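Here come two complexes built around subunit A, the first alongside subunit B, the second alongside subunit C.
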Partner chain A sequence: MRRAARLQLLLGLPAVALIFVFMILPITNMVEMSFRTPGVTEPFGNDYTLMHYGRVLGDPYYWGALGRSLLVATTVTVLCLIVSYPVAWHLSKADGLKMVILYALIASPLMTGVLVRNFGWMIIAALNGPLNQSLLGLGLIDRPLRLLFTQGLVVLALVHVFMPFMVLPINNAIRNISPSLVEAAASMGASRSATFRDIVLPLSFPGIQAGVTLVFVLAIAAYVTPALLGGQMVTYMPTQIIAELTGTFRWPLGSTLAIGLSLTTLLVVAVFTLATWRLLDRVRA
Partner chain B sequence: MTAAATPFGDAPAARYGFGLLVVLLYVFLLAPLVTIVGASFTSGMLIEFPPRGFSLQWYGQFFQRDNLVAALLVSLRVGLITAVVTSIMAMMAALAGQAMAGKLGGWFQIGMVLPLLVPELLTGVGLLFFLYKIGLGRSLLGLQIGHILMSFPYAYVSISAALRQVPPSLGEASSSLGATGWQTFRLVTLPLVRPGLVMGAIFAFINSFDLYTMSLLLKPVGGTTLPLALFDFLTYEFKPTAAAAATLSILLALVGVALVQRLVGLQRAF
Partner chain C sequence: MATVEVKNLRKQYRNVVALDGVSLEARAGQMVTLLGPSGCGKSTTLRCLAGFLEPDGGDVRIDGESILSIPSNRRGFGVVFQNYALFPHMTVAENVGYGLKLRKCAKSEIHARVVEVLRLVRLTGLEDRLPREISGGQQQRVALARALVLKPRLLLLDEPLANLDARLRDEVRWLVRDLQQQSGITAFYVTHDQSEAMAISDMVAVMKAGRVAQFASPREIYQRPAERYVANFTGEANILTCRTAVPAGETRMRVGVGGADLEVDCAPAARTAGDVELLLRPEALRLAGPDDTAAFRGIVTKCAFLGASQHCEIELPDGNILKLAAPPNARVVPGESAGVVIDCTHAWAMPKVPA
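Take a look at the complex of A and B:
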């Protein structure tokens, strides 16, 4: 290799150091932390034990939090896919100024903080807020619904937070479908619906797979939304983890919970990827 | 071929039905932002939408709240440092990535975006322990490191995409004419990747400005960021001041979107 090229490689060192020292080492650290004994004055002790794993596995309270997180993340992912697909399809057909405007409408919420967007839902879902007012006005309900601090609102707000993450990859996948395929189908007499069902939908699958994986992984570990909109009564895995770390200062227990959540996420993603592998293979062929 | 209006054919029913659906979904997407901006201008005493009358009083209130203003300043400063540091590191890393071939290059790409692939919660928890261990627990420097780490991939993705657009022949031509590596970078490469570089810095800044979970875990003693202060404010005194603070954050996002459109175009950026 030329000397200049070798020097160019060295430019990557600061970034590699950043990721290694402040991400890979700390996560290894967390695994170690989960085996520590509980501390008395410090957040952790000096000896090693398996007690936290036993405790987490044996306590229905943590299983409940994990189950709730899994359920919410799955619901959010499915709803997100349903509401994002039409938007992605519509966006993929736009061009010129219309396309720029649509992209701006999707990017603006994406670039606004999660906390701010959740706060918007707090206003909308308030007892005398615009949502209740419109439902009353339409005669769909007799008295305002209590929406704040419900699981439904958490799901709604999370769908909103992650919608751009689903819309953008699906839009890109649809844009990558060669127009000649669609034209060929049409010229052979396939109806628009048939073309969509047999060509566009399957060929957009790589985008769906990317979006679904991304949204699920982000949704199951989301902290702010359940903390702000979920109320005090229900615990989710991420809120429980943060409570152990910053509230009760039981770091080994918090680490064990975080590892449990990560392994569960990994398992779900692996199963989903394997289950859809053949589908993706067919698309590639 | 004319552009299709719906995936299900062009019958009027399909057309209007699908059109209405898409409009409603965009309303859903924008509703929280519109609501906040509206509520921030109320002349009443409560957070409500539609707002009562029009006034700027809550913006005045916001700037009189020392703790909120201090948090805003912390967020701005941490965000600016994050933007500068990540874009320089990402520029260097993108150049290194360019010189890598095959499998190594692939692994390098994944490594560089690792903070995006692993949930923020997990990275934050690990970093909390690690910073405590090396004596940077609950310090502003620790928080700054967390923000740099989480924002780095955004800068890297923008900059390496811009670098891929530069034809390698330009660099070769420049060095065959006797330019040093640094001269080639400064006079040929840098002007061509500048839009991507600036965009990377903008993404890094906005990501840092909006970070919540990482900031909560690494919260320094005596300092807090705007999202953390806003969360507490919303929990304890739900007043339109919060809407004014949130509107500033939305404004920042809109400026970011406009800049990205001008620099490289939204379609290429997303």
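Take a look at the complex of A and C:
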């Protein structure tokens, strides 16, 4: 027993060490940084203050950035869920070669580097890019649409890249639903839509919850896509944070913003988890 | 109450023939069991009846009308699954009431009917439990209640007792039979357990490689099997190859076997068959006492004391081996010679069919 306990500790040690060095320490450091006074010649001063929190909470500019980030992340999550569910359903019904091909297609957005992918979107969405050319050619529009540097394009690009994180957990959850449950529902008179509403959808909820959490957290923290496709006119929380840290070199202020974003994310995820607790508790196997 | 006719049902998966012309019928209120080893097509037949599978050919008629074009959710059949298939996120009452809710019954009516059917399966008080909070036997009874509450035209049970332990199996088996008879619902029951099949059915279809080897009452299946396969599947059987066999009267034959010449009842097909086999159930055989005239004499090769009886094996001069139960205190010694008396009313001649 003692040996087994020691072995467990030993096995867990690398992970604990990793988390400590690369997560606990940096976060502690960041929290400390957020209380520093501003520096004159350096990025931060030597004394401690609450002024950054006061400034961030009191400035509508930062609230605007946070609101935009929340809106984009929520939109991305909802669209991702709507687009991904049918894909996940098909994937869960596939086997053999079809399954392998589908998995590869679904994972494909992740196989392209982040810069290449976003420059790809820039080319596609450009005023004389292929998307506008096609729409013009089809006669659907009279003049090219301004797509680049819009929130819509940011949302589209984020839905594209985060879809795998929604599809895979939902696919897993649907695969775990015994086919006999669907047959049982049918034998009791349930139509296909009733079976979906009453059986498949609730039982796939663990996958939905995992997917929604993953995509929301990834979307609200996304930096490269909003920075490249969102243009200079609007700011999002992550772009603002990076601007403070590497542009204006106001590290304490940047840290305060980062903590604000983290806490907001944590709050949203916690509220979502608690709100769906009852349902999840029922469907856990 | 519904009569069911299954006619020449066929189903093929890629290159495997699952159903090779299955024909059966159930009269109103009957319990028909599909009995056979795994892969014989019994579950496939049931799934075709339920509408979960579409057969490639043949027909299923209920009260004379074909139902194959009706989707499973409009057939109005109750189905009980081997793994129970209870909805894990619904309570016992919600599971049982689900079909009624789909039929837009009033809440008060749903409640009343759920309470009533749960009383029938003796689960009163468990209404608000989730399936994972009750035992396997209770789950199976919920599954049964869920099927019965809709007053189905036909009840389909797919190995409903296979996941239960022996004691529960016995209990639930009688419950199934009682409820089926009380409600008068025509039922199909799939199992690989012959004692289960014998005990609860009006008719048994013994299935073999996608076909019905014999469709008859449990008594007939046991006492007058059509062939060796059926005899072996329905209980302990001594099957002896006959040296000679000649018809003797309408339904009887004279067979020469194991050094004896017997006149026995026979399957109609045995009268014209090339080779004939003789079935002797253990209860047709008795160890000969001093005053008996033994039909067979042979050498005891094995003897095991079982408590209430002794299991003996006796080798006959022609190489056939007889298994029988001897009284617990009879003197049976391996290596010695022993006589066996046959009760010819329990003997049965059947045609030898290639396996």
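Descriptive notes on the structure:
Keep in mind that, in the parts below, the second predicted complex is superposed on the first by the 267 of 285 C-alpha atoms of A that agree within 3 Å, B and C clash if a C-alpha of one lies under 4 Å from a C-alpha of the other, contacts with A are read in each partner's own complex, and residues count from 1 in each chain.
Heads up, the rule we're going with is that a residue touches a chain if its C-beta (ideal position, glycine included) is under 8 Å from a C-beta of that chain, and two chains touch if they have at least 3 such contacts.
Note that the structure is predicted; figures quoted are calculated from it, not measured.
Aligning the two structures on subunit A places subunit B and subunit C side by side, free of any clash.
Residue contacts after overlaying the shared chain place A:183 against subunit B and subunit C alike.
Touch criterion not met for A:97: it reaches neither subunit B nor subunit C. In the superposition on chain A, contact of A:89 is made with subunit B only, not with subunit C. Once the two complexes are overlaid on the shared chain, A:274 sits clear of subunit B and of subunit C alike. Judged by the touch definition given at the top, the superposed model places A:140 against neither subunit B nor subunit C. Contacts of A:163 after superposition: subunit B is touched, whereas subunit C is not reached.
Applying the stated contact rule after C-alpha superposition, one finds that A:198 touches subunit C and leaves subunit B untouched. When the two complexes are laid over each other on chain A, the CA centres of subunit B and subunit C sit 80 degrees apart as seen from the CA centre of subunit A, to the nearest 10. For the pair subunit B and subunit C, the minimum alpha-carbon spacing after aligning on chain A is 5 Å. Taken together, the two complexes place residues 183, 186, 191 of subunit A in contact with subunit B and also with subunit C.
Of all residues in subunit A, only 4-5, 7-16, 18-19, 22-30, 33, 43, 83, 86-87, 89-90, 93, 99-100, 103-124, 126, 128-130, 160, 163-164, 168, 179, 182-183, 186, 191-193, 196, 200, 217-218, 220-221, 223-224, 227-228, 238, 241-242, 245-246, 251, 254-255, 258, 261-262, 265 touch subunit B in the complex they form.
Contact residues on subunit C toward subunit A in their complex (touch as defined above): 50-52, 71-79, 81, 83, 85-89, 98-99, 102-103, 130, 132, 146-147, 150, 156. By the touch rule above, subunit A contacts subunit C in their complex via residues 178, 180-181, 183-191, 194, 198-199, 202-203, 279, 282-283, 285.
Subunit B meets subunit A in the complex at residues 1, 3-4, 6-10, 18, 21-22, 25-26, 28-33, 35-36, 39, 47-50, 89-90, 92-93, 95-100, 108, 111-112, 114-115, 118-123, 125-130, 132-133, 145-146, 148-149, 152, 156, 175, 181, 206, 209-210, 212-213, 216-217, 227, 230-231, 234-235, 238, 242-243, 246, 249-250, 253-254, 256-258, 260-261, 265-267, 269-270.
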